[in-house]
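Shared between the two complexes below is subunit A, which has subunit B as its partner in the first and subunit C in the second.
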Partner chain A sequence: MSSRAFARTGGALLGVLVFAAALALWEAWARGADSFFFPPVSEIGREASDVWPSGDFLSATGASLKRLAAGYAIGAATAVSVGLAMGSSPHVRRTLGPTTEFMRALPVIAVVPIASVILEDADAMRVAVIAFGVFFPVLVATIDGVRAVPPEIRDTAALFRLGGLARSVRVYLPAALPTIFAGLRTALSMGLVLVVISEFTGEGDGLGVYIWTQRFLFNVHGMYAGILFLGLLGFVLNGLFSRLERHMLAWHYGAIGEPVR
Partner chain B sequence: MSLSADTSVVRVAGLGKRYSSDGPPALFDVTFDVTEGELLAIVGPSGCGKTTLLRIMCGLLSPSEGAVLLDGGPVTRPSAKVAVVFQDYSRSLFPWLNVLRNVTFALARDRLSKAERIARAETALNEVGLDDVGRKYPWQLSGGMQQRVAIARALASRPEVVFLDEPFASVDALTRADLQDVLLAVHAAAENRRVTIVHVTHDVDEAVYLADRVLVLTPSPGTIAASIEVELPRPRTQTATRSSPRFLEVRNEVHDVIAQARR
Partner chain C sequence: MAERVARDSRPSVLREPGLLRRANVAGLLFALALLLLAEACVRLFNLFDSVAAPSDTAGALIEEISDGTLSGEIATTIVTYVQGLALAVAIGVLLGVAIGSSRTIDDATSVVVEFLRPIPAVALIPLAIFWFGLGTPTIRFLVAYAAVWPILIHTIQGVRGVDRMLFDVAATSGVTGAARIVRVSVPAALPSIATGIRISAALALVVCVTAEYFVGTEGIGHYMQDHGAAYRLPELYAAAALTGLLGLAVDVAVRSGERRVVFWVGEERARR
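For the complex of A and B:
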């Protein structure tokens, strides 16, 4: 094993150890404190192993993921399209700029009551809220990415006499993709937050609804089991996202001299 | 003018460019012709308006005065008849496409089948001495090889005029000599296609070594100070040509013109 590989394995091991130590600390403290609101990890783990495989919990997970996927896809696709137009044309940027700047300054959570009034269907409301929240980080990243396309690339595209649309899709989009991915990553975390928040309004199904319900039932263990699962879900989704990014941007990491893993 | 109108591909007439209304013009009353099949070098110090001139000639920039005619028609936007090689190959080649697809991209607007596109790209790569790198990405190649790809991409669309903007300025001296010879070989091979080459550089020796004729551009305002026929025999070689008395004579003449303009 090379010394670098050794250092990397060692680093990963240390990370796991720190995580384990944090859990152990919680366990020890919770046993000593004996608080209703902070049960020991081992008990939460036991609850989780009962709850997670149950049909209700799985269908709640499915419902939340479906909303996240729909909202994320709608928000991201719209943002990339609008961002490409705004990034490549100063005219479009001037026209849409004030509107998007204002909407971006709005705390996303403030949209929940508006959306729930406009969209009576809880599912549609949740998807809309997620799409709204996902839209802005991706929009800003796309505009920045397109505006940062090197002048040589712009000139080359102009010399190939591509039309506006072909230029945007075949040249600006790939050139801006590394920046767009940074926005997509932020948007993923945002999406996960918004699924849960939008589901806290109660009715229907979903992980947020599950956690909120356990809270009203004073089932603290169940609540923690749900929260723990959200953490795990976020971790897994981020991991999958990284793999997708590494695959899609292999050329970029190659070009900037980072090894493709 | 000694050139007859029917052999001139590019005609630059009374060209002027101002970037701002109160500043000095970047170009002032630039007039010259480029003959079909000619290898013309435009040489001048930094800031003399070389790049501005080239951008106007290939339709990327519009002039403030005068016009550029290509085959008799005014140039107002990039056309299929021209191709450009930029100095910064690492930024003008698309890093997300492999070498072959970078070259076929230049044929995006041509009505060709996929097989024809690939065949054309392979021919062009072959012309610049690149075989078996089609599946590599530009950033996996050395600077010199990347610039060869850029030249191949320019050739693939079979343009009438190829413009090169300081194409060899960011490679080392040995690679530069190598690329100069690639360009000479391309021009010689392309003779039957009558490809015209306009090569912009600040390297006087390079201009003399490559060109049939050297235009000397002097700054503030950018204007043509001299047009010098090189009259060195072809094929040219780095050793024999550069050590010939005629080579020294022409390069000294160019240097004198530039020095005079400085005074």
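For the complex of A and C:
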């Protein structure tokens, strides 16, 4: 093992040690203090191992993921289409600019009560809220990506007399894809947050509903277990997204000379 | 000198041919058309039960601001938001400088940071109620928690990316040891820190209003929850519009602040 690799392993080990020490400290303190709100780590762990595999919890996770998929797909698809139009035409960009800027500045939570009055169904409201939130990061990324398309590529497309639509879909979209993916990644973590927020209100099932319900049951352990699971879910989704991105953008990494990992 | 020449050679604003374009008539007309369309739809199809007409929203906005209700709520929101964000800046920059300048501290904290960072602040809302009770302390905590991560990460990156040569230059002037961090690392990392703060500023506002919505006893988020639940739609829409304006104001304020504080970055960018 080279000394450099050795140092790296040592560093990683130190990180794990500090983490373990923090947990141990919490455990010892919580046992002594006997606080209702800060249960010992071991009890949270036991609760998590009980709750996570249970049927109710898994079906709640499934319901949340289904909403995330629907809202994400609707929001991202709309954003890419609008973004292509806004990115390739200065007229469209100027016309839609102020309206989208204002909507983008709107904290998504403001959409929750508005959407729940319009769409009485809680599920439809949730999908709408997720789609709304996902829309803007993808839109901004798409516009940036299309605007950054090099002039040579634009001229080549013009030379081949490609029409507006063909140019957008066959030239600008692939060229902007790396940037769009960056927006899609931001949108994914945002989508997960919006699933939870939208599930804190209204009835039904889902991870947010689960966590919110535990609050009223004063089941602090259950809340910790649910929140930990959310963190884990975000981590896993992000990892899956990276794999998809590397797969979809393999040509791009090849073109810019970065090794395909 | 070069800067003055550049400024003087620019056409005056009044002579600029793009003045109309800069006012973006098309964009404002589109927004206006959208509002008129909404107004017409609400009136023609009698949708008052599900959507507030823009005219009613404007009425509610004027009324609630002039009697002080909405302006009081938004002031509360701004105060909580600024407090939480300031806390996040203090913690994020201090920790970030420490982690960025020491390999050992970086190694030691890495697992804890990577464990806590993916947990979304809003998911902590129900737990935070138990920790800090209903109301402002909980919201302050959630805002600070959400805002600290971008600032921390950008500070670490900025400090770590400082050009080694700057340290050598500082050493020749006798600046070594801890003074190096304050006089070299932090100024050099400032553009990166500013980016982190800009990202956090937007995020923190969203978290602030969201937290108010769920656990607030006051603030614009609580106002929306209250009026939404009571189906007072014009007031709800007025508050939402005001929140959007606040979001725009924060964006403009943070960007202009960034340009002033790390002005040299903008110059470099413009030159490229």
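Here is the rule we use: the second predicted complex is superposed on the first by the 228 of 261 C-alpha atoms of A that agree within 3 Å, B and C clash if a C-alpha of one lies under 4 Å from a C-alpha of the other, contacts with A are read in each partner's own complex, and residues count from 1 in each chain.
We take it that a residue touches a chain if its C-beta (ideal position, glycine included) is under 8 Å from a C-beta of that chain, and two chains touch if they have at least 3 such contacts.
If you're wondering where the values come from, they're calculated on a predicted model, not measured in any experiment.
Peer 1: Subunit B versus subunit C on the shared subunit A, clash or fit?
Peer 2: Overlaying the two structures gives subunit B and subunit C room side by side.
Peer 1: Is A:251 contacted by the first partner subunit B, the second partner subunit C, both or neither?
Peer 2: After superposition on chain A, A:251 lies in contact with subunit B alone.
Peer 1: A:174 in the overlay: touching subunit B, subunit C, both, or neither? Say first, second, both or neither.
Peer 2: first
Peer 1: Which of the two, subunit B or subunit C, is in touch with more residues of subunit A?
Peer 2: C
Peer 1: Between subunit B (first) and subunit C (second), which does A:33 come into contact with in this model arrangement: first, second, both, or neither?
Peer 2: neither
Peer 1: Does subunit B (first) or subunit C (second) touch A:224, or do both, or does neither?
Peer 2: second
Peer 1: Now for A:159: first (subunit B), second (subunit C), both, or neither, which partner does it touch?
Peer 2: Only subunit B is touched by A:159; subunit C is not.
Peer 1: In the combined three-chain arrangement, what's the angle at subunit A toward subunit B and subunit C (CA centres, steps of 10°)?
Peer 2: 90
Peer 1: Does the superposition put A:234 against subunit B (first), subunit C (second), both, or neither?
Peer 2: second
Peer 1: Which value, in Å, gives the least CA distance between subunit B and subunit C in the superposed three-chain arrangement?
Peer 2: It comes out at 12 Å between the closest C-alpha atoms.
Peer 1: Show which residues of subunit A both subunit B and subunit C reach, each in its own complex.
Peer 2: Subunit A residues touching both partners: none found.
Peer 1: Considering the complex alone, what residue numbers of subunit C touch subunit A?
Peer 2: These residues of subunit C touch subunit A: 21, 24, 26-28, 30-31, 34, 50-51, 103-104, 106-112, 115, 118-120, 122-127, 129-131, 205-206, 209-210, 213-214, 221, 224-225, 227-229, 231, 233, 236-237, 239-240, 243-248, 250-251.
Peer 1: Flag every residue of subunit A that touches subunit B in the complex, lowest number first.
Peer 2: So the residues of subunit A in touch with subunit B come to 150-153, 155-156, 158-162, 166, 170-171, 174-175, 177, 251-252, 254-255.
Peer 1: Can you list the subunit B residues touching subunit A in their complex?
Peer 2: It comes out as residues 58, 60, 77-80, 82-84, 86, 88, 91-92, 94-96, 105-106, 108-109, 137-140.
Peer 1: Could you please specify the touching residues of subunit A with respect to subunit C in the complex?
Peer 2: 10-12, 14-19, 22, 36-37, 91, 94-99, 101-114, 116-118, 189, 192-193, 196-197, 200, 211-212, 214-215, 220, 223-224, 227-228, 230-231, 234-235, 238
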